[in-house]
Structures are given as structure tokens and as C-alpha cells.
């Protein structure tokens, strides 16, 4: 494989595992090339997806490159997600919401560490539903966004303030996996 | 593995039994003789001598012997150590040496296959899947999670996600209720009165095996301090304890 | 775009959003075609990735189709991925895992008999890692729990089913021959 081919392969792999737009500068650092070269490679890759009518597209959005599904595949995807992923989505969303509620203010990264998987999509869904919102930024490198629950979240649960959330301590010892699963259904 | 082939012809001479080891093993496994009365070290020495005298090692004989000794040792450990699950011993008794031999072969095969598993795990770790789920365009497909969820449900879910990893379950370990201090006091009291005693006498009032073990450790501690002198006329003979401590 | 092209596009999009191997039947349902056709399309797609030296590969693992990054891109990805998927297992854990894999469904006691030592701690660790799970209970006194491997086990090994495990019989033979030969020396 040519050096250019290897770069394109590595670039595609990087974009594949990322769930948000990756700035050219960051891709350039990972690949050991300059930004301009990254942009050229990304444009090439985007064109090749387009030419072969792929199910994924590569876009330059919000200051970075991001792989996503082709808009034309949306109807099939929606059917697929609703039919077979629904339970998983519910479980993921509940877990994420519980973490935000009890650990707020919390960063995306902290949530992902606790759940063991990237939870950005879920977090976005919770924001869209008005249950979670940005509440500030953490001090320190990158100043990551901090998330917390909204007044609507409290209202939906019939709580007057966060202080009314049930204390976790008594549950930490007793709670079984089974009960968590029940709650997720 | 036929009985004839596994028969060792190796004989033992012990206080409890004299004759072919094969017969002794059967008697032990049938619980006709108490395993604690058989010094496995002496048997092993005898076997090694027997093997040396033979023209060459017989693999089957050696493997069979090892399998039997492994069972005997495990039985013996089971007898000497406090244990609640009596069922284990029953299961061990049910294992014939031939079956143990077959299992050792099986285990060897499993050990070979672990290399293959380890290598595959290593190689597969290089494949990274995408865990992000549906992209943000599909956020509207996420259910309204609070529809059927109460504050209690949420707390339970939070607890299940935030709970620290489970601690090691130690329920199968018998807590030791006997202290070294108690054992030292008992041994001292006895020896200060009698000046000399056999180990058997020092543990005569012990109710549990673990208590005997602690007494024995206390005795070693006193020996280390120079408070007692220990004598044993023969291997596995009675241990005599003489009080040397300040009167 | 041809109908086949559209199917391939939708298939690729479905695989892209899935976070676990997707059985052919499930893909077939979403795409409105039969399983055989899905398998053919997947094989085609897999080959096309391979031919162009892509950063992603498509494989049949753990009873389903799954997109992952190409192993060749692994060095570049290392810094990028949240948690390494690498599982380093102890010798005892590997041995126990092998026994569960080949003897399943198997009880704790059977594992201990083969290994000659109590293996409860190791078994618990394997369960926690999601490689082993309870699969039922044995008939008979005490109704002991039976253990088996999880789909994740297959996936971590890159196997499509348990039938792909390395056959044990030749290893049993090798063991006997090997040691017998040693003994004759």
C-alpha cells in the first residue's frame, strides 16, 4: 500500500470511531501530517463515498470532519432503530440521565467513563428533550462543558429541588442488577 | 487406562497398612483407612526409590501415582483445615484415579488451547468498533425516558451504575476466633504447672481444628523465645514440650 | 442508483449506527430482503473495503455482522479511543475460560474438578468482564448454576460461533503422544 493509501486508511479509522466533528488540526496531529494535507485527504475520502453511493458520508461541519450516515438511508435507519435498538436506547438514556442527575455538574468524559461507552448521542438526545442542559465549563485544559439537569427534569419527577432526589447511599449496598433492569423497561 | 496397566506393583510398609499401594489407595478412597494415618511424604519417598530401582520410568505408573497422591493430599488438606462444605470431600472420594488421570490429560489440552485464546484476544483487540450509536440526526428517536420512570426508579438506576465494583466475597473463609494471646496463656499455664507435656495434652481441651493450629503456632512462638524445648523421638512421633521459661 | 446499490447503501448505514454485531435476520427485516441476500451483500461490502484498503473492515462475528476499524490502523487509534478493548487475562482466567468455552454448560464444581483448584474467584472475574454468564441450572440436587460463554466472548475472539473454536480433540491426542514420547526416553 502506498503511503497515501495508508494515511487514508488511518484517517478513515479515526473518523469511524469518533462521534463528533474532529478538527483537522487534531487529525493532523494523530496522523503526523499537516492540516492542509488532512483536508485534502478528507475531501478525497468524502468524494469517494459519494461516488460509490455509500451509506456513510463525510462532512466538514462545526469546525471539524465528521462521518455520519447518508440522509437517503434515514427511513431505513429509523425503522431499524425503533424496531431493534429501542430497549438499548432507553437503557442508555436512563443510565445517562441518572448519572447527570446524581453527579452534576458532570462532563461528557466523566459520563463515558462511568458507563464505559461513548454516551454523546444519548446526552444530545436528553438535551433535545429538555431534561439535561449545559450548566458551565470546567476549569482546566480544554475547559470541557459541564452538564446538569433542567427545572423540567425536576418537574417531570415531581421534585421541588435536587435535594429531593432519593439518597443513593442506602441503595448502593442493596441494589441489584435485576432491579436496575426492571427500572429500564 | 486399564487397571492392570495402571497397577504399579509398588508396595508400601506403613503402621496402618503393608502391601501394594494400589490396594492402599482403594482402601483410602473407600474410606476404609483414614487418610490422616498415611504419611504421603513417606509413600512418595518409597515410590521414588521404587522408580529409581526399576530399569526405567514408566510414564503411566508415574502419572497414576501422581493422580492418586493429588487426591490423597486434597483429602488430607480437607480433613486438616476447617471447611464447611463437606460435599467437596464426598465428590473427591467419588473420583477414581483413572478418572483423575483422564482429567489431567484434559486439563493439559485446555492449557494448550489457552495459548490460542490469548493470541486471538490479543489480535482482536486491534479491531475497534464504533460505540457511538445513531448519530445526532436520530436524537428524536430516543424515547421520552421519564414517561414511566419515578424518582425511585432513577435512584435505583443511579445506584446500579455508580456502585463501586463488588468486594471479594469472603463468606467461604472461616473467621478465626482463637487468638494467639489466648493460646499463649493456655500453653504457659499448663507448662508452668507441669514443667513438661506432650503436644497432645496441650491441645486436649481444643474444640476445633483451627484452635489446635493456633496452639501449635503459640508453641512455636514460645520455642522462638527460648521458653520451651521441643523433642520428637521419631517422624510423626509424639512432640514433647519441656518448659525452660523463667519459673 | 440501482436497487442493489440502494440496498448496499442502506446496509452500510445500518451497520454504521449499530454498536454490536447485527444478525443477518435483523438486517434482512430492516431492509425488506431475505437473509441470504443480506449475507451476499455483506460479503460484497466486506470485499470492497478490503480491495480499497479501507480503514474499516466488515466481519461476521458472534452471530452477526459488525463494522470495526482495520487492525492495521490500531497504532494511530490508540491515543484516540476512550478505553482500550484489550483484555489481559491471567493464566488461571484463560484456563477457566477455555474450560467454560469447550465444556459449556458447565458447573462451578466441574470447572474446579478439571482444574484441580477452586476457581470461583476467577469465574467471578470472567463474569464481571462479560465473557462468561449463567446459562441455566442443572437438574438434580442443589440445582447448581450452569455457566457458558457470552456473545461478547465470541466477539472478543473474532469468532462467528462456538463451532469456530479450535477443535480440542487433536490437542488431546497431541498431549498423550507428546508425554508418552517423553516417557520412553
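Going by the order they are written in, the chains are A, B and C; count residues from 1 in each one.
Just so we're on the same page, a residue touches a chain if its C-beta (ideal position, glycine included) is under 8 Å from a C-beta of that chain, and two chains touch if they have at least 3 such contacts.
Everything numeric here is computed off the predicted structure, so don't read it as measured data.
Where the centre of all protein Cα atoms falls, which chain's Cα centre is nearest to that point?
Of all chains shown, the one whose C-alpha centroid lies nearest the global centroid is C.
Quick one: point me to the chain whose Cα centre is farthest from that of chain C.
B
Where the CA atoms of chain B average out and where those of chain C average out, how many Å apart are those spots?
Measuring from centre to centre gives 34 Å for this pair.
Go ahead and note the Å separation of the Cα centroids belonging to chain A and chain C.
Inter-chain centre distance comes to 26 Å.
Averaging over Cα atoms per chain, report the distance between chain A and chain B in Å.
Chain centroid spacing, chain A to chain B, equals 49 Å.
Two or more other chains touching the same residue: where does that happen in chain C?
Expected reply: 16-17, 19, 67, 69-70, 77, 81.
Mind pulling the residue numbers of chain B that touch at least two other chains?
Residues 128, 130-135, 138 of chain B each touch two or more of the other chains.
Any idea which chain A residues touch chain B in the complex?
Going through chain A, the ones touching chain B are 13, 16-19, 68-69, 71, 74, 77-78, 81-82, 85-86, 89-90, 92-95, 97-99, 101-103, 114-115, 117-118, 120-122, 124-126, 128-129, 131, 153, 156-159, 164-168, 171-172, 175-177, 179-180, 183-184.
Help me check something: in the complex, which residues belonging to chain C touch chain A?
1, 5-6, 8-19, 22, 26, 29-31, 48, 52-56, 67, 69-70, 72-73, 76-77, 79-83
Within the complex, which stretch of chain B touches chain A?
Chain B residues touching chain A: 128, 130-146, 149-164.
Taking the touch rule as given, give the residues of chain B at its contact with chain C in the complex, in rising order.
57-60, 62-63, 70, 74, 91, 95, 103, 105-114, 116-118, 120-135, 138, 165-166, 168-169, 172
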